[in-house]
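Worksheet: the structure to be examined is printed underneath.
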(Lines give C-alpha, C1' and ligand atoms only; values in the text may rest on other atoms or scores of the structure.)
Protein backbone atom coordinates (compact mmCIF):
# COMPACT_ATOMS: atom_id res chain seq x y z
CA UNK A 1 0.00 0.00 0.00
CA UNK A 2 1.26 3.47 -0.94
CA UNK A 3 -0.16 6.04 1.48
CA UNK A 4 -0.30 9.79 0.79
CA UNK A 5 1.33 10.75 4.11
CA UNK A 6 4.59 12.43 3.13
CA UNK A 7 6.57 11.38 6.17
CA UNK A 8 7.58 7.74 6.37
CA UNK A 9 10.69 6.86 8.36
CA UNK A 10 11.94 3.40 9.28
CA UNK A 11 12.63 2.66 12.92
CA UNK A 12 12.65 -0.02 15.61
CA UNK A 13 10.14 -0.41 18.45
CA UNK A 14 11.81 0.45 21.76
CA UNK A 15 8.83 0.01 24.07
CA UNK A 16 5.09 -0.65 24.07
CA UNK A 17 3.00 0.68 26.96
CA UNK A 18 -0.60 -0.49 26.80
CA UNK A 19 -3.27 1.50 28.64
CA UNK A 20 -6.99 0.73 28.60
CA UNK A 21 -7.82 1.93 25.06
CA UNK A 22 -4.63 3.55 23.77
CA UNK A 23 -1.07 2.27 23.59
CA UNK A 24 2.07 4.41 23.67
CA UNK A 25 4.84 3.09 21.43
CA UNK A 26 8.40 4.43 21.44
CA UNK A 27 10.37 4.02 18.21
CA UNK A 28 14.11 4.53 17.74
CA UNK A 29 15.19 5.99 14.40
CA UNK A 30 18.49 5.02 12.70
CA UNK A 31 20.16 8.30 13.74
CA UNK A 32 19.29 7.61 17.40
CA UNK A 33 16.38 10.03 17.66
CA UNK A 34 13.21 8.68 19.26
CA UNK A 35 9.59 9.19 18.32
CA UNK A 36 6.50 8.40 20.38
CA UNK A 37 3.27 7.21 18.79
CA UNK A 38 -0.11 6.83 20.46
CA UNK A 39 -2.38 4.37 18.65
CA UNK A 40 -5.25 2.14 19.74
CA UNK A 41 -4.36 -1.10 21.52
CA UNK A 42 -6.39 -2.87 18.84
CA UNK A 43 -3.97 -1.59 16.17
CA UNK A 44 -0.90 -2.40 18.25
CA UNK A 45 -2.12 -5.96 18.70
CA UNK A 46 -3.21 -6.43 15.08
CA UNK A 47 0.27 -5.34 13.98
CA UNK A 48 1.90 -7.47 16.70
CA UNK A 49 4.05 -4.56 17.82
CA UNK A 50 6.74 -5.64 20.26
CA UNK A 51 10.19 -4.46 21.33
CA UNK A 52 12.67 -4.88 18.49
CA UNK A 53 10.10 -5.00 15.70
CA UNK A 54 10.93 -2.94 12.61
CA UNK A 55 8.26 -0.39 11.79
CA UNK A 56 7.68 2.63 9.59
CA UNK A 57 6.66 5.85 11.31
CA UNK A 58 3.96 7.58 9.23
CA UNK A 59 3.02 11.25 9.74
CA UNK A 60 0.79 13.52 7.62
CA UNK A 61 2.62 16.74 6.71
CA UNK A 62 -0.16 18.98 8.07
CA UNK A 63 0.49 17.43 11.50
CA UNK A 64 4.16 18.48 11.53
CA UNK A 65 4.93 21.79 13.25
CA UNK A 66 8.24 23.63 13.25
CA UNK A 67 9.88 25.58 16.04
CA UNK A 68 12.98 27.69 16.51
CA UNK A 69 15.01 28.24 19.66
CA UNK B 1 8.66 27.46 26.05
CA UNK B 2 8.25 23.78 26.93
CA UNK B 3 5.49 22.27 24.80
CA UNK B 4 3.68 19.01 25.61
CA UNK B 5 4.23 17.49 22.15
CA UNK B 6 6.40 14.43 22.77
CA UNK B 7 8.24 14.50 19.47
CA UNK B 8 10.83 17.24 19.04
CA UNK B 9 13.72 16.59 16.66
CA UNK B 10 16.34 19.07 15.48
CA UNK B 11 16.86 19.50 11.75
CA UNK B 12 17.81 21.93 9.01
CA UNK B 13 15.46 23.55 6.50
CA UNK B 14 16.09 22.11 3.03
CA UNK B 15 13.41 23.98 1.10
CA UNK B 16 10.47 26.34 1.54
CA UNK B 17 7.67 26.26 -1.03
CA UNK B 18 5.10 28.99 -0.46
CA UNK B 19 1.60 28.57 -1.91
CA UNK B 20 -1.26 31.01 -1.44
CA UNK B 21 -2.12 30.23 2.23
CA UNK B 22 0.04 27.26 3.17
CA UNK B 23 3.77 26.68 2.86
CA UNK B 24 5.49 23.32 2.46
CA UNK B 25 8.79 23.08 4.30
CA UNK B 26 11.27 20.22 3.89
CA UNK B 27 13.57 19.54 6.83
CA UNK B 28 16.64 17.30 6.85
CA UNK B 29 17.30 15.39 10.09
CA UNK B 30 20.83 14.62 11.34
CA UNK B 31 20.59 10.97 10.21
CA UNK B 32 19.75 12.12 6.68
CA UNK B 33 16.02 11.38 6.83
CA UNK B 34 13.70 14.12 5.60
CA UNK B 35 10.42 15.37 6.99
CA UNK B 36 7.84 17.59 5.31
CA UNK B 37 5.80 20.13 7.24
CA UNK B 38 2.82 22.11 5.98
CA UNK B 39 2.23 25.30 7.99
CA UNK B 40 0.66 28.66 7.19
CA UNK B 41 2.76 31.14 5.22
CA UNK B 42 2.18 33.59 8.07
CA UNK B 43 4.00 31.23 10.46
CA UNK B 44 6.80 30.53 7.99
CA UNK B 45 7.38 34.25 7.58
CA UNK B 46 7.08 35.09 11.29
CA UNK B 47 9.75 32.44 11.98
CA UNK B 48 11.85 33.63 9.01
CA UNK B 49 12.20 30.08 7.74
CA UNK B 50 14.77 29.81 4.96
CA UNK B 51 17.08 27.18 3.51
CA UNK B 52 19.78 26.28 6.00
CA UNK B 53 17.94 27.53 9.08
CA UNK B 54 18.06 25.22 12.11
CA UNK B 55 14.62 24.22 13.32
CA UNK B 56 12.94 21.77 15.67
CA UNK B 57 10.32 19.48 14.19
CA UNK B 58 7.41 19.17 16.65
CA UNK B 59 4.77 16.42 16.38
CA UNK B 60 2.01 15.42 18.82
CA UNK B 61 2.18 11.69 19.59
CA UNK B 62 -1.48 11.08 18.68
CA UNK B 63 -0.59 12.24 15.14
CA UNK B 64 2.08 9.57 14.69
CA UNK B 65 1.00 6.35 13.00
CA UNK B 66 3.00 3.16 12.65
CA UNK B 67 3.15 0.74 9.73
CA UNK B 68 4.79 -2.57 8.96
CA UNK B 69 5.91 -3.90 5.58
CA UNK C 1 2.32 -1.91 4.00
CA UNK C 2 -0.02 -2.41 6.97
CA UNK C 3 -0.69 0.95 8.62
CA UNK C 4 -2.03 1.40 12.16
CA UNK C 5 -4.83 3.78 11.12
CA UNK C 6 -8.04 1.92 11.99
CA UNK C 7 -10.16 3.39 9.25
CA UNK C 8 -9.46 2.18 5.73
CA UNK C 9 -12.30 2.27 3.21
CA UNK C 10 -12.10 1.63 -0.53
CA UNK C 11 -13.47 4.25 -2.87
CA UNK C 12 -13.11 5.86 -6.28
CA UNK C 13 -11.68 9.31 -7.03
CA UNK C 14 -14.48 11.64 -8.17
CA UNK C 15 -12.45 14.83 -8.60
CA UNK C 16 -9.00 16.32 -8.02
CA UNK C 17 -8.71 20.06 -7.46
CA UNK C 18 -5.10 21.22 -7.30
CA UNK C 19 -4.28 24.49 -5.57
CA UNK C 20 -0.81 25.92 -5.08
CA UNK C 21 0.43 23.55 -2.32
CA UNK C 22 -2.57 21.45 -1.36
CA UNK C 23 -4.97 19.38 -3.46
CA UNK C 24 -8.58 18.62 -2.61
CA UNK C 25 -9.66 15.13 -3.65
CA UNK C 26 -13.26 13.90 -3.58
CA UNK C 27 -13.77 10.15 -3.21
CA UNK C 28 -17.01 8.23 -3.70
CA UNK C 29 -17.54 5.25 -1.38
CA UNK C 30 -19.39 2.08 -2.50
CA UNK C 31 -22.57 3.09 -0.61
CA UNK C 32 -22.62 6.41 -2.47
CA UNK C 33 -21.32 8.55 0.36
CA UNK C 34 -18.54 11.00 -0.49
CA UNK C 35 -15.43 11.92 1.43
CA UNK C 36 -13.10 14.86 0.84
CA UNK C 37 -9.36 14.62 1.44
CA UNK C 38 -6.84 17.45 1.46
CA UNK C 39 -3.28 16.27 0.79
CA UNK C 40 -0.22 17.91 -0.72
CA UNK C 41 -0.07 18.20 -4.51
CA UNK C 42 3.24 16.35 -4.31
CA UNK C 43 1.44 13.31 -2.84
CA UNK C 44 -1.43 13.54 -5.32
CA UNK C 45 1.04 13.54 -8.20
CA UNK C 46 3.27 10.80 -6.77
CA UNK C 47 0.18 8.59 -6.44
CA UNK C 48 -1.07 9.66 -9.89
CA UNK C 49 -4.51 10.41 -8.50
CA UNK C 50 -7.04 11.03 -11.24
CA UNK C 51 -10.79 10.72 -11.72
CA UNK C 52 -11.86 7.07 -11.65
CA UNK C 53 -8.77 5.79 -9.81
CA UNK C 54 -9.45 3.30 -7.02
CA UNK C 55 -8.08 4.46 -3.69
CA UNK C 56 -8.26 3.59 -0.02
CA UNK C 57 -9.35 6.35 2.35
CA UNK C 58 -7.20 6.19 5.51
CA UNK C 59 -8.18 8.00 8.73
CA UNK C 60 -6.67 7.74 12.22
CA UNK C 61 -9.36 6.98 14.81
CA UNK C 62 -8.41 9.94 17.03
CA UNK C 63 -9.33 12.21 14.07
CA UNK C 64 -12.89 10.88 13.86
CA UNK C 65 -15.54 12.85 15.75
CA UNK C 66 -19.14 11.86 16.33
CA UNK C 67 -22.24 14.03 16.36
CA UNK C 68 -25.92 13.58 17.03
CA UNK C 69 -28.83 15.54 15.58
CA UNK D 1 -25.08 23.65 14.17
CA UNK D 2 -23.38 23.64 10.77
CA UNK D 3 -19.74 22.65 11.21
CA UNK D 4 -17.00 23.32 8.63
CA UNK D 5 -15.75 19.72 8.59
CA UNK D 6 -16.39 18.50 5.05
CA UNK D 7 -16.99 14.86 5.92
CA UNK D 8 -20.25 14.06 7.65
CA UNK D 9 -21.67 10.57 7.21
CA UNK D 10 -24.63 9.02 9.02
CA UNK D 11 -24.12 5.71 10.77
CA UNK D 12 -25.17 3.55 13.69
CA UNK D 13 -23.14 2.86 16.84
CA UNK D 14 -21.98 -0.78 16.84
CA UNK D 15 -19.98 -0.77 20.07
CA UNK D 16 -18.69 1.52 22.81
CA UNK D 17 -15.51 0.53 24.65
CA UNK D 18 -14.72 2.85 27.53
CA UNK D 19 -11.16 3.06 28.84
CA UNK D 20 -9.97 5.36 31.60
CA UNK D 21 -10.00 8.68 29.70
CA UNK D 22 -10.78 7.77 26.10
CA UNK D 23 -13.59 5.70 24.59
CA UNK D 24 -13.41 3.74 21.34
CA UNK D 25 -16.66 3.79 19.38
CA UNK D 26 -17.35 1.61 16.33
CA UNK D 27 -19.88 2.94 13.84
CA UNK D 28 -21.48 1.02 10.97
CA UNK D 29 -22.17 3.03 7.80
CA UNK D 30 -25.18 2.33 5.54
CA UNK D 31 -23.02 0.54 2.94
CA UNK D 32 -21.74 -1.82 5.65
CA UNK D 33 -18.32 -0.22 6.09
CA UNK D 34 -17.21 0.44 9.66
CA UNK D 35 -15.42 3.42 11.15
CA UNK D 36 -13.72 3.67 14.54
CA UNK D 37 -13.70 6.89 16.54
CA UNK D 38 -11.71 7.65 19.67
CA UNK D 39 -13.23 10.44 21.76
CA UNK D 40 -13.16 11.30 25.45
CA UNK D 41 -15.43 9.32 27.75
CA UNK D 42 -16.88 12.65 28.86
CA UNK D 43 -18.09 13.28 25.28
CA UNK D 44 -19.41 9.74 24.86
CA UNK D 45 -21.42 10.09 28.05
CA UNK D 46 -22.65 13.62 27.31
CA UNK D 47 -23.94 12.36 23.94
CA UNK D 48 -25.33 9.19 25.55
CA UNK D 49 -23.67 7.03 22.94
CA UNK D 50 -24.87 3.44 23.09
CA UNK D 51 -25.22 0.49 20.71
CA UNK D 52 -27.85 1.20 18.07
CA UNK D 53 -27.78 4.98 18.44
CA UNK D 54 -27.78 6.94 15.18
CA UNK D 55 -24.79 9.25 14.85
CA UNK D 56 -23.02 11.38 12.31
CA UNK D 57 -19.34 10.70 11.74
CA UNK D 58 -17.50 14.03 11.36
CA UNK D 59 -13.97 14.24 9.90
CA UNK D 60 -11.95 17.30 8.86
CA UNK D 61 -10.66 16.94 5.29
CA UNK D 62 -7.04 17.62 6.25
CA UNK D 63 -7.23 14.48 8.44
CA UNK D 64 -8.16 12.22 5.53
CA UNK D 65 -5.30 10.43 3.79
CA UNK D 66 -5.47 8.42 0.60
CA UNK D 67 -3.64 5.23 -0.32
CA UNK D 68 -3.33 2.99 -3.35
CA UNK D 69 -2.64 -0.74 -3.45
CA UNK E 1 -26.15 19.00 15.82
CA UNK E 2 -24.24 18.10 18.98
CA UNK E 3 -20.65 17.27 18.08
CA UNK E 4 -18.27 15.29 20.32
CA UNK E 5 -15.46 17.86 20.09
CA UNK E 6 -15.01 19.14 23.64
CA UNK E 7 -13.91 22.63 22.76
CA UNK E 8 -16.58 24.96 21.40
CA UNK E 9 -16.12 28.69 21.91
CA UNK E 10 -18.18 31.50 20.42
CA UNK E 11 -16.39 34.23 18.52
CA UNK E 12 -16.62 36.72 15.68
CA UNK E 13 -14.90 36.47 12.28
CA UNK E 14 -12.18 39.12 12.02
CA UNK E 15 -10.82 38.26 8.57
CA UNK E 16 -11.11 35.70 5.78
CA UNK E 17 -8.11 35.12 3.53
CA UNK E 18 -8.89 32.79 0.64
CA UNK E 19 -6.03 30.96 -1.08
CA UNK E 20 -6.43 28.46 -3.91
CA UNK E 21 -7.81 25.50 -1.89
CA UNK E 22 -7.61 26.55 1.75
CA UNK E 23 -8.90 29.66 3.53
CA UNK E 24 -7.41 31.20 6.66
CA UNK E 25 -10.02 32.64 9.01
CA UNK E 26 -9.22 34.80 12.04
CA UNK E 27 -11.75 34.75 14.87
CA UNK E 28 -11.88 37.11 17.85
CA UNK E 29 -13.03 35.58 21.14
CA UNK E 30 -15.06 37.56 23.73
CA UNK E 31 -11.99 38.03 25.98
CA UNK E 32 -10.09 39.58 23.07
CA UNK E 33 -7.93 36.56 22.26
CA UNK E 34 -7.70 35.56 18.61
CA UNK E 35 -7.76 32.14 17.00
CA UNK E 36 -6.80 31.20 13.44
CA UNK E 37 -8.56 28.42 11.57
CA UNK E 38 -7.57 26.91 8.23
CA UNK E 39 -10.48 25.23 6.44
CA UNK E 40 -11.29 24.56 2.79
CA UNK E 41 -12.60 27.45 0.72
CA UNK E 42 -15.58 25.24 -0.09
CA UNK E 43 -16.51 25.15 3.61
CA UNK E 44 -15.91 28.88 4.09
CA UNK E 45 -18.23 29.62 1.18
CA UNK E 46 -20.89 27.08 2.17
CA UNK E 47 -20.99 28.69 5.63
CA UNK E 48 -20.90 32.20 4.12
CA UNK E 49 -18.09 33.23 6.44
CA UNK E 50 -17.45 36.96 6.33
CA UNK E 51 -16.06 39.65 8.62
CA UNK E 52 -18.38 40.20 11.58
CA UNK E 53 -20.16 36.86 11.34
CA UNK E 54 -20.69 35.02 14.64
CA UNK E 55 -19.15 31.57 14.66
CA UNK E 56 -18.31 28.77 17.05
CA UNK E 57 -14.70 27.61 17.13
CA UNK E 58 -14.61 23.79 17.40
CA UNK E 59 -11.48 21.89 18.41
CA UNK E 60 -11.03 18.18 19.28
CA UNK E 61 -9.31 17.79 22.67
CA UNK E 62 -6.59 15.50 21.28
CA UNK E 63 -5.52 18.41 19.03
CA UNK E 64 -4.92 20.75 21.96
CA UNK E 65 -1.36 20.91 23.28
CA UNK E 66 -0.15 22.66 26.41
CA UNK E 67 3.07 24.57 27.00
CA UNK E 68 4.78 26.30 29.89
CA UNK E 69 7.15 29.26 29.78
CA UNK F 1 11.13 28.14 21.74
CA UNK F 2 8.96 29.78 19.07
CA UNK F 3 6.56 27.20 17.62
CA UNK F 4 4.76 27.55 14.28
CA UNK F 5 1.31 26.77 15.74
CA UNK F 6 -0.70 29.96 15.22
CA UNK F 7 -2.92 29.59 18.26
CA UNK F 8 -1.28 30.21 21.62
CA UNK F 9 -3.49 31.39 24.47
CA UNK F 10 -2.55 31.76 28.13
CA UNK F 11 -4.71 30.02 30.73
CA UNK F 12 -4.75 28.31 34.10
CA UNK F 13 -5.05 24.58 34.77
CA UNK F 14 -8.45 23.83 36.32
CA UNK F 15 -8.16 20.04 36.59
CA UNK F 16 -5.93 17.12 35.65
CA UNK F 17 -7.52 13.69 35.17
CA UNK F 18 -4.94 10.98 34.60
CA UNK F 19 -6.02 7.77 32.87
CA UNK F 20 -3.72 4.88 32.01
CA UNK F 21 -1.83 6.45 29.05
CA UNK F 22 -3.58 9.76 28.41
CA UNK F 23 -4.42 12.64 30.72
CA UNK F 24 -7.31 15.06 30.30
CA UNK F 25 -6.47 18.62 31.35
CA UNK F 26 -9.03 21.41 31.70
CA UNK F 27 -7.73 24.95 31.27
CA UNK F 28 -9.58 28.18 32.10
CA UNK F 29 -8.92 31.12 29.77
CA UNK F 30 -8.89 34.76 31.02
CA UNK F 31 -12.36 35.45 29.57
CA UNK F 32 -13.78 32.50 31.51
CA UNK F 33 -14.01 30.07 28.60
CA UNK F 34 -12.63 26.57 29.19
CA UNK F 35 -10.58 24.34 26.92
CA UNK F 36 -9.89 20.63 27.31
CA UNK F 37 -6.59 19.09 26.24
CA UNK F 38 -5.75 15.40 26.01
CA UNK F 39 -2.00 14.72 26.19
CA UNK F 40 0.08 11.78 27.37
CA UNK F 41 0.53 11.33 31.11
CA UNK F 42 4.27 11.39 30.45
CA UNK F 43 3.97 14.96 29.12
CA UNK F 44 1.67 16.06 31.94
CA UNK F 45 4.18 14.78 34.49
CA UNK F 46 7.23 16.17 32.71
CA UNK F 47 5.57 19.60 32.69
CA UNK F 48 4.39 19.16 36.29
CA UNK F 49 0.86 20.17 35.38
CA UNK F 50 -1.31 20.74 38.43
CA UNK F 51 -4.37 22.78 39.37
CA UNK F 52 -3.56 26.49 39.31
CA UNK F 53 -0.50 26.22 37.08
CA UNK F 54 -0.25 28.82 34.32
CA UNK F 55 -0.01 27.26 30.86
CA UNK F 56 -0.20 28.21 27.21
CA UNK F 57 -2.75 26.37 25.09
CA UNK F 58 -1.21 25.59 21.69
CA UNK F 59 -3.32 24.58 18.67
CA UNK F 60 -2.32 24.20 15.00
CA UNK F 61 -4.62 26.23 12.75
CA UNK F 62 -5.47 23.25 10.52
CA UNK F 63 -6.98 21.59 13.63
CA UNK F 64 -9.42 24.44 14.26
CA UNK F 65 -12.90 24.03 12.77
CA UNK F 66 -15.63 26.62 12.61
CA UNK F 67 -19.38 26.19 13.02
CA UNK F 68 -22.45 28.36 12.78
CA UNK F 69 -25.74 27.97 14.62
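To keep things simple, chains are lettered A, B, C, D, E and F as they appear, and every chain counts its residues starting from 1.
Methods note: a contact is a pair of C-beta atoms (placed from the backbone, for glycine too) under 8 Å apart; a residue touches a chain by one contact, two chains touch by 3 or more.
Since the structure is predicted, the reported quantities are computational estimates derived from the model, not experimental observations.
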| item | value |
| --- | --- |
| Joint neighbours of subunit D and subunit B, given as chain labels | A, C, E, F |
| Those chains which touch subunit E and also touch subunit C | B, D |
| Same or different residue numbers at the subunit E/subunit F copy interface, by half rule | same |
| Centroid spacing, where centroids are CA-atom means, of subunit C and subunit D in whole angstrom | 17 |
| Distance from the mean Cα position of subunit E to that of subunit A, given in whole angstrom | 29 |
| Set of subunit A residues in contact with two or more other chains | 1-6, 19-20, 22, 24, 36-40, 42-43, 47, 56, 58, 60-63, 65-69 |
| Residues on subunit E engaged by subunit F in the complex (per definition of touch) | 3, 5-9, 24-25, 27, 29-33, 35-39, 43, 47, 49, 53-69 |
| Residue ranges of subunit F in contact with subunit A within the complex | 1-5, 19-22, 40, 42, 60, 62 |
| Residue numbers on subunit E that touch subunit D, as the complex places them | 1-6, 37-40, 42-44, 46-47, 56, 58, 60-62 |
| Sites on subunit E touched by subunit B in the complex | 17-20, 22-24, 36, 38, 62-63, 65-69 |
